[in-house]
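Before any comments, here is the structure.
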Amino acid sequence: MHSFPQHLLDGHAHFMSGRYAREKGRIRDMAEAGQTPTTMIIACCDSRAAPELIFDAGPGELFVLRNVGNLVPPYEPDGNQHGTSAGIEYAVKVLNIANIVIMGHGRCGGITAALDPKFRPLDKGDFIGKWLTMLGDLPSQLGQNGLLTPSERQTAMERISIRNSIRNLRSFPYVAALEEEDKLAVHGAWFDISTGELWVMNESGDFIRPEL
Amino acid sequence: MHSFPQHLLDGHAHFMSGRYAREKGRIRDMAEAGQTPTTMIIACCDSRAAPELIFDAGPGELFVLRNVGNLVPPYEPDGNQHGTSAGIEYAVKVLNIANIVIMGHGRCGGITAALDPKFRPLDKGDFIGKWLTMLGDLPSQLGQNGLLTPSERQTAMERISIRNSIRNLRSFPYVAALEEEDKLAVHGAWFDISTGELWVMNESGDFIRPEL
Amino acid sequence: MHSFPQHLLDGHAHFMSGRYAREKGRIRDMAEAGQTPTTMIIACCDSRAAPELIFDAGPGELFVLRNVGNLVPPYEPDGNQHGTSAGIEYAVKVLNIANIVIMGHGRCGGITAALDPKFRPLDKGDFIGKWLTMLGDLPSQLGQNGLLTPSERQTAMERISIRNSIRNLRSFPYVAALEEEDKLAVHGAWFDISTGELWVMNESGDFIRPEL
Amino acid sequence: MHSFPQHLLDGHAHFMSGRYAREKGRIRDMAEAGQTPTTMIIACCDSRAAPELIFDAGPGELFVLRNVGNLVPPYEPDGNQHGTSAGIEYAVKVLNIANIVIMGHGRCGGITAALDPKFRPLDKGDFIGKWLTMLGDLPSQLGQNGLLTPSERQTAMERISIRNSIRNLRSFPYVAALEEEDKLAVHGAWFDISTGELWVMNESGDFIRPEL
């Protein structure tokens, strides 16, 4: 077995002398008392789209689930193992989370693969291909008509996917019920990994920059 | 629709004037060139166990998948949607990741639920319960014998689970093959959310503190 | 006949005591010597998208043609009166312009009308409807599939239209020839009338913000 | 593709830090609410005759159509594409404009070409030549008799052309009807690009300086 990656050990040392040293009291209290984040973020695994960095968050602030393409499946109580659904159930039922944010990002490899007519399974398991079927026929609905540039199609699908995931999230009965009672708020966001800009979804489903 | 959580908007503003401003060139290059992280971390959603904070990582450094209990299922090419498996396939087949770290942590709610004989489904979907069946009968194998304190049982199962997940990870044919060829290294780690200490798994499956 | 609009008389008085007074020498020289703008802008009539304001331009700087929807027709030497084509011919053949910029903008009423399946002629002349046929079947190609929000479709069509107008501009033989010889450069731009941002078209046909 | 003209990028930066910053609230409101200019100006493309500069106008104030020679064709509902007519239809039918000003200017290249007996097509398309046929035989009616200096002929034709365009504008049935009902006012103006003076047409068709 190889030695543990040095960049992680170095980074952890910085954490200990930096943030941990500064916030030690709070960190220890949270360990004792349990976590009480008010916001869950469902984000992508992409190394350029980490919620804690984008939102400058500290320990205890965000309950974060990350999967390929920040996808949320519809509510399917079929007895199978559904990791993202388990995360949502945990956030809502155990942590009584107040906000769920589904955050997509630009140049998402998962979306690129979903839009690629030449995508072939990378392995007989084809877990990526099967996972992306969560987008249904949205990619073909968007079309290949050449009017949009590849970059415009990519961004469009990233946002269509977020809206789709939000719809799926609302198919969870307790999510819909708590939203109705104003006890839970559902949000969409899209992060531009190049400019660093955060685009937030409004009531029309459009993504806008809140600070402008 | 509620307005976007203010703590996230504030945090993002700090990110823009802080890290983004400082690392803008590198961030933009990564957006253009694509991500090239060398390490994948499979961690828990827990707000107190964020890899970017624990390892003081910056944008582009870590490909991160987070689920409840940082569990990895065995390789099951059965045509179903497997999110964690899709993440592993993406990291290995697309990003040619050099390291996969499965990181558990202390006081993990998922492990607590798995150990709790009185755990009942929180919803008819019982996604948490079904998700935790990934631990098989390890909880009952560990026993209820009272010899270990509840905290010791908790820590023990967290580490047993990491070892189990590592075994499952190695059931992915390409993971085993690349490890064999020394092109991929698999690691286990356990983070103490109170003391901030990082424990790393050695060849025997034991968790030790590397700096000591 | 009504008296001349007072806001125009007042504005002109401000011009005379302000800019005219400051730039009088240069203004008189240009009257004598003839105009020598190096850039032509083809923009929309929209009161919120005036090139001189957007580019803080002074007298003599921009040769500006404005029509509904900043549309450029293909080169059609059919003996009819083609105002926009006459403007292009004047800019290139008489003024030896170095740059032609086709600038569209957000919330363009012309584009909205082109996308509106319920649009009906406002007058038996239906000049607007006939003018918009310059977009051909691009609106129906874009589709009505509901994946994009109305705002997203609007912005998409505004940019598709600019790309289409640029293609039409390049069908003018002298435009294509001068571009080939590097004596004329053709550009696309899209102005956000809300945020004031200027998006510029790159080689891929994508609209980006140059300052980021 | 060449990089976007720097003078435009610089000008836009000035706009953003100057006018946009000062008028941001109003500009954003207009983007949301739609444009409500009360005056349409039909002006020439000439870089020395920009309405926004001459009238010190701000965003949202003027609906501006600019073509070579600020010409207005007669009402011709013949199914062809008529850009200037489309602009008039839009201003009157969509924006319910209160004033239409046709503004010509001194040393107008379009008028010079129309008066030049030696003018030859600059291209086989001869769009300029065809466009100027909108003046009909007015140039030859004015004569070549040498009594007027070239400059006097130029100014005379510029003003004759404005009167001609006003007649053509009034051939639009809805323009005539709304003028009759006092809901729309039609004006002529002529701008001296050297002295900056604005001459306004009175009921007799004469151009006078209003402030005198």
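Couple of notes before you dig in:
Going by the order they are written in, the chains are A, B, C and D; count residues from 1 in each one.
In this text, a residue touches a chain if its C-beta (ideal position, glycine included) is under 8 Å from a C-beta of that chain, and two chains touch if they have at least 3 such contacts.
What you are looking at is a predicted structure, and each value in this text was computed from that prediction instead of being measured.
Note on connectivity: the fewest steps through touching chains from chain B to chain D is 3. Take away chain C in thought and the touching chains that remain sort into A, B | D.
Distance from the centre of chain B peaks at D, each centre being the average of the chain's Cα atoms.
Least-squares overlay of CA atoms from chain B onto chain C yields a rotation of 35° to the nearest 5. Put simply, the C-alpha centre of chain A and that of chain D have 53 angstrom between them.
In terms of their C-alpha centroids, the spacing between chain C and chain D amounts to 15 Å. In chain B, no residue touches two or more other chains. Viewed as a network of touching protein chains, the structure reduces to a simple linear path.
Screening every pair of chains for touch gives A-B, A-C, C-D.
Interface of chain A with chain C (complex): residues 138, 141-143, 145, 147-152, 156, 159-160, 194-195, 204-206, 209, 212. Contact residues of chain A toward chain B in the complex are 1-2, 4-5, 7-9, 11-16, 18-20, 24, 27-28, 30-32, 34-35, 37-40, 45-48, 50, 52-68, 71, 73, 75-77, 79-91, 93-94, 99, 101, 106-107, 109-110, 122-128, 130-134, 172-174, 185-187, 189, 193-196, 198, 200-203, 210-211.
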